[in-house]
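Next up: some structures, all given as structure tokens.
Note that subunit A is present in both complexes that follow, paired respectively with subunit B and with subunit C.
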Partner chain A sequence: MNYVKEEELAFLAENELIIVAPTVKLPILYLMGNNYGPFQPPLKEKVPIWLAILLRNRNKCRIVPPEWMKVEKLSDMLTKKNFKSLPFQYLEISHLLLGCATADIPNSNTILTLIREIYEIRKATFRAKIKDLNSDHMLIEDLGMMEINEFRPFVTTSFNHIRKLNDSYKKKDDDSDSEF
Partner chain B sequence: MSTIYEIITHSTLLTTGSDCVIHILKTVNIDENRDCDKTEKKFDFQYHRFLSTSITTKGSLIATTSSENEAIATDEGTIKIVNVEDITEIAELLGHRAAVNTASTDIEGNLRIWETASRTCVKKFEYLSANTKLSKLLIKASSPNLCRISWNPTGKFLAASVINKEILIIEDENWSEYARVGPHSEADSQGYLSYSLNFIPKYGHDKTVINQCSYTNKRELEISRNEYEGNLNIVIGEKEENPLKSKEEEAVKINQHIQFLPGSISLSDEEVDDDNFIEENDCDFLYTELKYRPASKQRVSQFHTIKPRSSEILNCEPKGTENQSSFQPGKSTINSGRYYLAFNLIGVAYSVEQVTHSTIHVEFHDKCIKSFRIIDNYKYTLSALGNSGLILASHSNAANPPTLFFRPVNQHSMLNEWLYHFDKESGEEPEGMMSLTSNVVSMVGNDHHLLIVYHLSAAYQDNQNLGFILLNNSRCCIIKDELPISSGSQLDWIGFSEEGIPLSYDSNGILRGLIREVGFSYWTPLLDTSLRRMEKEEYYWPVGVFGENFMTVICKHKNDPLLFPPPILMEIPILLPFLNMPLSGTLEEKYHRGLLLLSQMEFLHNETINTPNNRIIESTFNSKVSKMEKNLDKIGLFLEMATCKAGKSQRAIDICHTLHSEASIDSAIKLALHHRLNSVADKMSLIKKYVSKTKFLDQRCLNKAYENENKTLSNGMKIYSERNTTTNFKCNNSIPSPEIGILKED
Partner chain C sequence: MFGEELENTHLSSICNTADVDGSNGFNTQDFLNDDSEGASEQSDIDLFTKAWINEKNSPEILNFKKELLESLSLKLTTQKHFIEEENLEIFLSSIYLQEIERLKFLIRSYLKMRLEKIEKFSLDFLVNQENRLKLSSKELSYCEKYQRLKQEYFNKTCLEKLPEMLRSIEEKNEMGLSMIVEPDLNDSVLFKVDKSIEIYRLEDRLVTIKS
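The block that comes next holds the complex of A and B.
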């Protein structure tokens, strides 16, 4: 099975853009992928997460938490069980940001607990929907990247087994038909 | 029936007559449901009691401030205070030597003010000659019988008619002169103070009511002239706070009912008609028939507004607006001993009050620059924070003269800290002076300019009448013009954007910028924050403008003290407030805004650049400009697409004029041909020909040449450039076109 490690997923998620408030004046950064800046405090800039973490670790900026990373919104999502506004890589992003910039994000502990709860609820929903698994497809909405990665081995193996079983049933039917 | 001499109203009605009897009438049965005009009230009077006095000649009554006692003047020189309820209670006030005409004035012209509680004379104003230069009260009865005084019912003011046909208003604090009103044309006149001291109508022998507006409060109240037609017309102006805080309508009402009697009510010695009677007309008013019989039934109309005859208007004050007070941009209100002295895009300076002195903390947004503290012994109230340092200023106080203090940002910089006192001992001579028409409202500066806002004239009818002066580094006045702000608003903040555009922000939430062109400048609204705010109760406290963002701090009210530590700035994108535009803006607006800001950037760059040959600055500026031009051309081409599709040929040509590169014009021509607008395409190609001769001398090409000058390539070849003017490129600017050649190195 092709496993993708969680660290690799986090690395992929680091390309996402977030807003950052620089505390130090910097000229334009000419990087391989793209140019970022110039950084003029107190104006905010959009940079990829890896650059934001780099600058934050050197105390050259302050990370502005994204829109969805707020206590009210997350608790609202939990009560209504509506996860459409969560980004695809919410687990990775929250893990990265909360690990690096706890001081910049208000109520970081509450947010961490809320995100864990959301994750548990999504896992429970998945388990409930396993019975819908058939040989063709399985429909689950609003999955995050980490969750897909977690469920992928199980789901793909199950698909393969069900298909084999189905094929063998078909063959058996054909055989029994051909007998007559 | 005897002649009624005087009627006073309070809670009771008192009348005196020639029969030496004073009738006291109480109001009962105020019937409002009668079928009459609602403006009138019908009173039934119950005969309460009467008392007789020894008034042999015309006595008079005065009403005191308390409703219980009425004072009666006698010609024996005493004043009797009678309790209205129990008429047996009489107190006498002694002091006047001569016959008392009114309760407080006598024939000689002395005015006394009595305190009824202790029955003593509080103040006595003696007759003084008219020539005295001291500001003492001048009271003499213009005619002994006719010196009238009148109390304001709140007891705070007293009006008395004075010798030079004026009316003097005396306040009760220390019995000093509060105002003078008049002069009026007739000697024999009397005034009555309205309930609210708002107007003083005067009657004269010519039976006119002379217009008089409030002299003491800035009210707009005009009483039009009564031409003895019987109509009293009152134009009520706007209500304003006055110290007595009474209602306008009530004042008029009260006075109309009793005191606005047409015709003369002078009590003169002249022959009095014996056929005196009290006549009640349809309006149920009582009036006296004395000397003149009114021509027809009189009716006093209430709130009947007509245009007053302008020739008769005296002392009329228009709607008053206060000149706004001076302010320092970036200064906030005090919150428990702390307040911001300066808050802009460079940093913040805030003052913390301590017991004996204050401490000023300065922090910068750019954390590379070290923050510092200053001990403040001079109580600095004004400050400005710039790139080079912080300047603080204090007003003069008991201990110190006005002081200026400068502290550079970096202690190791070339600049030194200095302190300057504005007193005689400082040896500095001023370099110059500039006269302004009125006081300065605010000042702000950046690296290259100084903007001063001042009042062009007094504020009038909600318009602050502001003007501005823009000075440059060499203290030359570049522009001196009016500063337009929204009608009815005040100026809240001025500043410069990061590119150097002067900005103003008014209390209606509109941000304006000064757009300068060669020989011409105008203020244009850049952002209307009320559109964004909608119904919310918010105030956007301005900090500055960077690029196309308006940086503010959101608070509830204008005078809300800002929080500590410095709050997060909110960016509001600039959106020109075009008509009928959705909140997200339109492409046209974006294009127009881009063109405007680009033109300003270029204008200011050309104006402020100190070393034109500094290529690094030039090249960075040019690359920035070319990037902006490319973006603008993209938007312009989108617009071209839309206009060609809609068939608006003239608009398409106009947009083509504003495009910045040949490639864009080519694309525009292609678009026009695609939409089968051949004439438009022809015109566009003409534009391209014309513009290529003048505009498209590619500066970027030139700069690249300068950058590559004397550069050695990796293969040992050297690039040189030679300044050479060619006839092919005729350009408007003086930079000649180079020729680039490559030399092989030996």
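The block that comes next holds the complex of A and C.
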């Protein structure tokens, strides 16, 4: 079975939209997915992350960090242990944005540490839940894309093992029934 | 987009393929299906990205997305013409080119992924009519050629030297054990539940989710 690579996850996350503040005028971009622009400072525009990174690398825009990517928000989530307002691909998005635009994101170092902490906590919660795995399903509430991908090999393999054991158990039952 | 969905209990669960897959077997791993406004607004590229994710995570080959691929390749050609005709400045054209490269990457990766599956289950496609229909005509001819090469190789290296009764490579024994490599349709999958549910159907029984 194929597992999605980290680079591919980043590739997918690059399709998510974020807000940028252009620093130069640019005409409308007639892209295949959608049209973006015209870019007219100081008006802000919503563009996919890959485009934002391209513009940022040429100093043609500043990146406006998303709502959740703020120190207060993240530390609030940490204290309340409630991560419902994090986007599905929060790890990839924060990695991409912090990678190209540290200067645009206030307190980027603290944010990085907070996100790592959140990631560790969620991982621990997940590990604690593994015991709930049964032969039908396992319930995991709000996991991110990257986290799902990380646990997928482990969970699917153990799930398959449980299922096989369960099946052979049932089969044995059926066999002994027919003998009598 | 995410906020709305997370209001409901937002679950990701693992489950047997059998119940969710239904007969046509797709959309079980729609992780990116976060568009609650409805599927009609999604562009071809979004739909193809979804098809890519599904193909990547499913044990078996899924239906070939012929129409989608045709419309995307048409889009690619028109877009290339557009760039040539507009005489854009270098920076702008680099944006357009990057989008083209991204789409081409996705298409290449999709086709390669399918070829991998075809090589793995080549005999199954030739024996099993139902699975054969999931391939495009080019994929089918690739599959036939690949299987022919494999068969010749097996014959030359080993099978020729065996007694005739042991030469077949597509036999089934009495226990139902087959020599043909088939995808494991009972493999587990992960899927995201959009609306909260309490009960779902698994094979022939109902299962309650306890949270």
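Side notes on the structure shown:
Assume the second predicted complex is superposed on the first by the 180 of 180 C-alpha atoms of A that agree within 3 Å, B and C clash if a C-alpha of one lies under 4 Å from a C-alpha of the other, contacts with A are read in each partner's own complex, and residues count from 1 in each chain.
Basically, a contact is a pair of C-beta atoms (placed from the backbone, for glycine too) under 8 Å apart; a residue touches a chain by one contact, two chains touch by 3 or more.
Only a predicted model underlies this, so the values are computations on that prediction, with no experimental measurement involved.
When the shared chain is aligned, subunit C comes close enough to touch A:R163, but subunit B does not.
If you count the residues of subunit A touched by subunit B and by subunit C, you find the higher number for C.
Judged by the touch definition given at the top, the superposed model places A:K84 against subunit C, while subunit B stays out of reach.
After overlaying the two complexes on the shared chain, residue contacts for A:N15 are found with subunit C alone; subunit B is out of touch. In the superposition on chain A, contact of A:K44 is made with subunit B only, not with subunit C. By the touch criterion defined above, A:L31 reaches subunit C but does not reach subunit B. In the superposition on chain A, A:L139 makes contact with subunit C only, while subunit B stays out of contact range. Of the two partner chains, subunit B is the only one that A:T23 touches; subunit C does not reach it. Under the contact criterion defined above, the residues of subunit A that touch both subunit B in one complex and subunit C in the other are 60. Residue ranges on subunit C touching subunit A, taken from their complex, read 2-3, 6, 9-16, 31-32, 34, 43, 45-46, 49, 53, 56-57, 59, 75-76, 79, 82, 91-92, 94-96, 98-100, 102-103, 105, 109, 113, 116, 186-190, 202, 207, 209-211. By the touch rule above, subunit B contacts subunit A in their complex via residues 345, 365-368, 546-547, 549, 551, 568-569, 571. The touching residues of subunit A, when paired with subunit C in their complex, are 1-2, 4, 8, 11-12, 14-15, 26-27, 29-34, 50-51, 54, 58, 60, 84-85, 87-88, 136-143, 145, 148, 152, 155-156, 159-160, 163. Of all the residues in subunit A, the ones that touch subunit B in their complex are 21, 23-25, 40-44, 59-60.
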